[in-house]
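Presented sequentially are two complexes of subunit A, the first with subunit B as partner and the second with subunit C.
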Partner chain A sequence: MIWKSDIEQMEKEPLQELQSERLRSLLKYLSESNAIYRERLAEVSDISGVDIQSIDRLPFTTKEDMRDTYPFGLFSSPEKDILELHVSSGTTGNPTLVGYTKEDLDIWADAMARSLAVAGAKPADIIQIAYGYGLFTGGLGFHYGALEMGLRIIPTSSGQTRRQLKIMQDFQPRILACTPSYALYMADEARDLGLNTRESSWEIGIFGAEPWSDSIRKEIEEVWNITALDVYGLSEIIGPGVAQECPEKNGLHVYSDLFYPEVIDPDSGEQMPDGKPGELVLTTLTKRGIPLLRYRTRDIVTINHSRCGCGRTSPRISKVLGRTDDMIVVRGINVFPSQIEHVLMEIEGTQPHYQLVVDRQKNNMDSLEVLVEVEERFFSDEIKQLRAFQETVREAIQSTLGVGVKVRLMEPRSLERSQGKSKRVVDKRQFNQKEDQ
Partner chain B sequence: MKITQISVFLENRKGRLHQVCDLLGKAGINILALTIAETEDFGVLRIIVDKPEEALAVFAAEDLVARQSDVVVVQIEDHPGGLADVLAVLQQSDVNIEYMHAFLGRRSEQAYMVFRFEQPDEAISVLKKAGIRVIENDEVVQL
Partner chain C sequence: MKQLHIFLENKPGRIERITAILAEAEINITAMTIQDTGEYGLFKVLLERPNEAQTILSEKGFACALKDVLAVRVADRPGELNRMVALLNSKGINIKDGHGFPRPNNESVFCAEVDDLAAVERVVSAAGYQLFEG
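On to the complex of A and B.
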């Protein structure tokens, strides 16, 4: 089913009219209600003439803006109208704080109900929500959407895996919502208990909150005998429910009447054409509590405006291909560690520990070396097989990045870890510069 | 018939082999045969030991990647052309060798060859038919 078929199947022109109308009232609201945006929008010439096609005349909002104005600088509603707060831990400095008014919670419920329908849910289905409930937006976002649609909810939250499996067996939910890694973890646990995972009651899995590859999709679908679909969201915009993959598995539908997407070149700010990777920028057209104008997500995606086989006209974004913030430039080419992660996942199914080492050679050329920890499942006693693996990885990375690399196989646990994850980038060039000064 | 060989992935750096052999020594595990296949930055240590299960447990405890594989151990006649005779048998029967290495028996003072075959069972029957001595599993610690 299509939850909001009048909007999700709207033709281009009436949709643009709706988006332009909503953008203009957003600009009016921001100018009236928020001091920071009032100042920024005062610098935009002929602001009353802005429509959705000329949205690029408006200023960006960044993660730094949110951090610098912590806690309430970007809020546009009076604090008394903010009914729910969510906080995500920041890696540096202030955490990211978002707040929802009653209207915002309704928008969230609507967007998540649309997402559930995109994934194939229908009213009265049973859903097991195994995303964390609490300050993380995953659990509650799914909860509100499921209520809106009239699903029957089992709010298991995350963890307590044996209980999750017992609940699945006893109550036969049709839909599972959790992170992809947790879906695989539960499969291991189920096998230890001697359960036949292919007999699970789940038919649809909605997985997100972390990057995952098509080979992980296949693994999850195979082990649980389900359709595994990707959900995208970020708390600054609304939480989960910004975009959802349909069973066509050809991109994630963005509800562009609520969250208007643009894909830009992260350096120049220019709009990228369909199919070309760039940074996803989102404008919340209808939110009240903390509406954001042209928010830079730092997520690298491609966009596709063509009509989908499922009948929706809403634009689709690809899976997240990388991040702009851990980008390194090697010989003039932008390299995202997540691209390499992606390649390794495609080859290996799961992600081995790896590290990128960038160095400047004597001839002033940058060298890129990818260190990969050897794991049992691809270790062989034959050198030629290890060499072949090394070569497969090297070729795949090289063709993805378009830059020459060297691949070095390492012993397990030999790469430096920070918080359990291997440190992903070592840029020796910066150290050289410091020594030179 | 087939003998268990353990292969361990090692980075090619100073002192690494010593550390690994030391682990086995401290665990009271004896190395009967050893070879290293190496590249510029890594190597594969291949060993036959008296207690393979225990050796695997030692490596697992140290987070080393190790695996066991089946090899065939053959006695080589101690005269010029001894090895060539064995290889001739294999070649005539179209048996493919992945790799091989040699060791000397401590007690028997005989030369032995460790073979890794694609199809070890086929290789064993070919060798036996030609009257070549193939070492049995429990014999290997006595050599």
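On to the complex of A and C.
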């Protein structure tokens, strides 16, 4: 089913009119309600003439803007109207805080209901929501959408794998929502228990919150005998529910009447044509609490404006092909190389060459290894001191990142360099393989 | 006595890179030992012209340091090592890492990393031992 067929199947011109109308009321709202945007928009000439086709005349909003104005600088609603807050892990600086008004929670529920329908859910289906509930937007986002659609919800949250499996067997949910790595982890656990995974009650899996490749899709579909679909979102925009893959498996539908997508060259800011990779930029056309204008997601995608085989006209984005910066997601936690640099600076007062190696272990959990070159200036002639250094680095990184790491000491100049700098991140998890693109 | 300590990852071919450089510079290695942790280790060498060796290896990108170690000449016969370590033990001196090698004329050299080397050297000299000078 198509949840909002009047909008999701709208022809281009009426859709653009709707988007332009919403954009103009957004600009008015921002100018009235937010000091930072008021200042920025004052510099835009002929602002009343801006429509959706000329959205590129408007300024960008960045992750740094959010951090710099933490906590409430980019909020446009009075604090008393913010009914729900979510916080995501940040670098050494401020975390990212997002807040939802009643209207925003309704938008979220609507977007997630559309996503569930895109994936093939229908009212009264049973859904097992194994995304974490809490500050992470995954669990609650799915929950609101499922309520909106009238699904029957089993809010298992993440973890307690054996109980997840027992619940699946006892209540026969048709839909599973969790991270792709957790779906694989559960399969390992199920095999250990002697279960036949192919007899699972799940028919549809909605997987997101971390990058995953088509080969992982095949693996999940094979082991659980389900259709595995990708969901895209980020808390700054709404959480999950920005875009959802349909069973055509040819891109993720963006609800462009709510979250207007552009794909740009991250350096020049120019619009990229369909099919060419660039940075995804999103404008929240209808949000009230913390509406964002041309938000730079730093996710690299391609966009496709053609009508989809499923009947929707909404534009589709590809799976995330990469990041404009080096951020990596390890076990659901954002890891920035700059955090590691910071820690090493703190310890040595100098920045050694280092490299992060992320890999996926046999149990499908991510591992993070930090390779640090032992340099002359902090070389110790005793193993005991080298070990102590290794342990100090490990503890400091672990407490900063909130994720377990292994530290490996390397010989000087042994790490791969490009243009004199060591390559910061090696991700061996095999995302974004050719087959994805 | 100066011993050169070189940081190495525990991978095939690493030691050869060092010995090749020293061979090229015609620096003779008197003795060596390897301390290993599994992932990495220290290659410790007593050699001629240690300062020059350190400079050359640093230039080639090795992390290395010169360490002053105790090097004592002991007689090469049963009980001599025991006598030496008993002396150190009686003075409360802890041996952090060590090795030894034989010399001509029934002599051996005992090498050890210790804290407060100068004091330790005084202890062994006072007990009649001669320090090995290379």
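Keep this in mind: the second predicted complex is superposed on the first by the 327 of 437 C-alpha atoms of A that agree within 3 Å, B and C clash if a C-alpha of one lies under 4 Å from a C-alpha of the other, contacts with A are read in each partner's own complex, and residues count from 1 in each chain.
Please note the rule applied: a contact is a pair of C-beta atoms (placed from the backbone, for glycine too) under 8 Å apart; a residue touches a chain by one contact, two chains touch by 3 or more.
This structure is a prediction, so every number in the text was calculated from the model and none was measured.
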| item | value |
| --- | --- |
| Subunit B versus subunit C as contact partner of A:Glu222, first or second or both or neither | neither |
| Touching partner for A:Glu416 - first (subunit B), second (subunit C), both, neither | neither |
| Contacts of A:Asp192 with subunit B and subunit C, given as first, second, both or neither | neither |
| Touching partner for A:Glu32 - first (subunit B), second (subunit C), both, neither | neither |
| Common ground on subunit A, meaning residues reached by subunit C in one complex and by subunit B in the other | 374-376, 379-383, 386-387, 408-414 |
| Touching residues (chain side subunit C, partner subunit A) in the complex | 5, 7-9, 14, 35, 37, 39-42, 58, 61-67, 96-97, 113 |
| Partner subunit C, residues of subunit A touching it in the complex | 374-376, 379-384, 386-387, 408-414 |
| Residue numbers on subunit B that touch subunit A, as the complex places them | 5, 7, 9-11, 37-39, 41-42, 44, 46, 63-67, 69, 98-99, 116 |
| For the subunit A and subunit B complex, residues of the former touching the latter | 374-376, 379-383, 386-387, 408-414 |
